[in-house]
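I'd like to ask some things about the structure below.
Think of it as A, B and C in the order they're written, each chain with its own count starting at 1.
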Amino acid sequence: MTLTEKISDFMEKRRPILEDWKHTFFLWRRTKLAIIGTVIVIVFVLVAIIGPFFIPYDPLSQNMAERLQPPSLKHFFGTDQFGRDIFSRVVSGSMIEVEIIIIVSIISGGIGLILGVIAGYFGGAIDEILMRATDMFLAFPSLILAMAFAAMLGPSLINTIIAISLVGWTVFARLARAEAMKVKNQPYIEAIRALGASRTRIISIHVTPMCVSPVLVQLTLRMGTVILTAASLGFLGLGVRPPLPEWGAMVSDGRSFLLDQWWISTFPGIAIAIVVLGFNLLGDGLRDIMDPRLRR
Amino acid sequence: MDEFLIEIQNLKKYFPLKRGIFSKGQYVHAVDDVSVQIPSRKIFSIVGESGSGKTTFGRTILRLIEPTSGKIIYKGQDIMNLSQKEMITFRKKMQIVFQDPYNSLHPRRLVKDIIGEGLYIHEKISSNEILERVKAILKKVGLNEDHMFRYPHEFSGGQRQRIAMARALILNPEFIVLDEPTSALDVSVQATILDLLIDLKNTFSLTYLFITHNLAVVDYISDFVAVMYLGQIVEIGSKDDIFTLPSHPYTYALLSAIPDPDPKRKRSRTIPKGEIPSAVNPPQGCRFHPRCPYAKEICKRSDPAVIEASKGHFVKCHFPLR
Amino acid sequence: MKDAILTVKNLKVVFHTYRGTVHALDRINFTVLKNERFGIIGETGCGKSVTSLAIMRLIEQPGEIVEGEIVFDGKDLVKTQESILNTIRGREISMIFQEPLSSLNPVMKVGFQIGESIAKIKNTSIKSCRQEVFEALKAVDLDPTRVSNLYPHELSGGMAQRIMIAMALSSNPKLLIADEPTSALDVTIQAQIMNLLDDLVSKMNNTVILITHDLGVAAQFCDKIMIMYAGTVVEQAKTEELFDNPLHPYTKGLLKAIPKVGNRDKLTGIPGSVPDLVNPPSGCRFHPRCPYAMKICSVEKPPLTEMNPGHLVACHLYGDKNG
């Protein structure tokens, strides 16, 4: 088989997946807000990855000679009370936000998915216990709970991530549980039981993959909230420790200079707003696109 | 006399009904004291309307639903005594095909994985060997090998039932429960699937338990027929017994209610009145008496015994028609 | 010749989807005469339900009536305004659906809902319709005092369908469209409902269009039957004529594929499956599955021609007669 034949063979075998993607793309193109959201998120991630190579100043090193400079061509976003370039700090801060999002998503999505599927599939006492646990978590406002965890663990990047993940998993657990309950009663699962598959196999190979997509959509919808929570914790001094350029902490830093040196708080604030908006638009769009009533 | 592959004795399945904490526990009597013998290499049909318990019966035999009580004797061995682990190996011998071709295949898996699932579970063979076996079985059910790398949603209803059949056949089972396998299909497709089922039965020397509400299909495909009503078997016999000499009033009513696709033969207007009662509180006495045109006083009070109308033809009625 | 109550001319309906345009109905023509019981028969995706929705003008986005006329009682419904249509729907044309429960409001009692529909037709208050509601329920063999106080979830399928019939016939419509009214029901209940419909319609002299996939049901109920396949009309004839002397290969195939009690001859299915209506086959839409397909079949769409009086067929096998 030549290479081109191999490629076309490969494409032919994967055609249904491509068709599915084409359809998703078709639906995505029809929703303008989702496109805007996607663009914002892509730009944000790109800035996070390649931005640090192009920033004009070291985001951490202080330069007392140039402290509290207003925005100019030399310092696009001005400088803070330690003379650090705010543009460089905002850009390199985006990497911290991306880290938080990714790790929080993996931890809280993973815990939620696993516990939710187990609760939904087995039902009974296991389900009761797990769901009452999520009730307990959901009874508190999420920011307050995150603050409690963060205060308990002490402020640092890792602890921020742990605190946000601990608060967030419950929503995903509920979603995965609902989906697992629906899926386990489908004839195709019964057919697999009739073939003699073990419970472990049924849950891991057949039920869980069906529960991933609602969790994924919800994760995207929540990414805005994750950033906001991280920023809030940073602002309150319970999150990432200075001098790391976390956006919330940066807003907090500029607080006392807000009247005369507005730029210190404003630019990281705008960055938070835009990125949160981007994730929310994308999440809303994804929810519509994944809606089975719109598909087929 | 034929040898029996499966003998079912006094099988019962009651589903508890969830009610308030203080009210007494009630039960849905889905399958209520059913005993049948299923002969080897024959097609044994269970006919009934919705709520007759025929679907529950089929699943209970396979222990997909655990029965409340009763014995399921497969080649002399009571499978109710098997442990979960022993049951897993045993499942190779008994398979099931479902009614709904759209929900019975995993929507996110490729056809080769759906059909090969049984091999992944039971046989320690390489994925290449599995592919070969899947290819072979696809041919047997009238599909071709390039269907392997597609998803179920690309297939029509009839093709999906072929895939479901291939999944059931790959482990070389002896017994297959067919739960309304053609009810969701168009008639032009139904005919081809019925013929496929008959062919496969002969090629693989299978025994079928064919569950359906469609008497015309039963007449076409089966060797033996049992008529179920509200969790009980009211009449059982060979196909000829049931179709030419129906003895239970319900069997007779079912037969006369079928709309005949021949405009010159008008349907008889003697159809049972009322609807199937709830299986939570089934009627006292004979369960069919509220709808039976021949019901007498005794039918309300005592549950009729099963009588042998002719050899191998049993009917559960105080006043059988013949 | 009796008067036509409904004439459908060159009706073409499409649905715009992401995969492309679905050609659901391809210029179909038929006429329903007054007091006739007209059966539309076909398998999944043949366009029989789309036809009924088009007559009610209930085709919604992404669907569209592209061309054609639906002349009901002298008015072309395709060109009629929505406000006038609302006075026709439910009064002059009523409809019964396959899933009766989905057309009832789950949180209101049945009696109230029937009263509401009668009151709307008569332009009176619901309270003053109490007597009519009771009569309507009695007419469909239900116990009025008990049933009118039930909520829809307390009804069995058969009862719900009886209620739909009561509501549909309460205005004594000129045309009743029954779309698979018994497909979701058990045979004994199906027989009850069809007998009931038969009695009521004979009494009230309504014109009925019965849409079904079940040739048995149609054979027992209809005077005339039209067979549809993939959005086209393939054959139309008086019921007995159709069963005695089917002409179109598809009709023949269907009749050979139905299992019948008492007839154990080998069934022959129709090979292949229904075509995708995004890319319907050229020419005759049945040609890829037709055992008699000729060269012309894939090129030219066969016209619907009258072979015997009242017996229409669209097939090139019978092309010679009309040249």
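Here is the rule we use: a residue touches a chain if its C-beta (ideal position, glycine included) is under 8 Å from a C-beta of that chain, and two chains touch if they have at least 3 such contacts.
No experiment lies behind these values; they were computed from the predicted model shown.
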What is the touch distance from chain A to chain B, in steps?
-> 1
If you average the Cα atoms per chain, which one ends up farthest from chain C?
-> A
Give, as an integer number of Å, the spacing between the C-alpha centres of chain B and chain A.
-> 49
Centroid spacing, where centroids are CA-atom means, of chain B and chain C in whole angstrom = 32
In whole angstrom, how far does the Cα centroid of chain A sit from the Cα centroid of chain C?
-> 52
Can you check the complex and tell me which residues of chain C touch chain A?
-> 18
Could you pull out which chain B residues touch chain A in their complex?
-> 59, 62, 64, 87-92, 94-96, 98-100, 103-109, 117-118, 121-122, 149-151, 153-154, 164, 167, 171
Which chain B residues qualify as touching chain C in the complex?
-> 49-50, 156-159, 186-195, 213-217, 219-220, 243, 253-264, 266-267, 269, 271-273, 275-276
Chain B contact footprint on chain A (complex, rising order) | 12-16, 186-198, 201, 206, 209-210, 296
Given the complex, residues on chain A that touch chain C span 23, 26-27
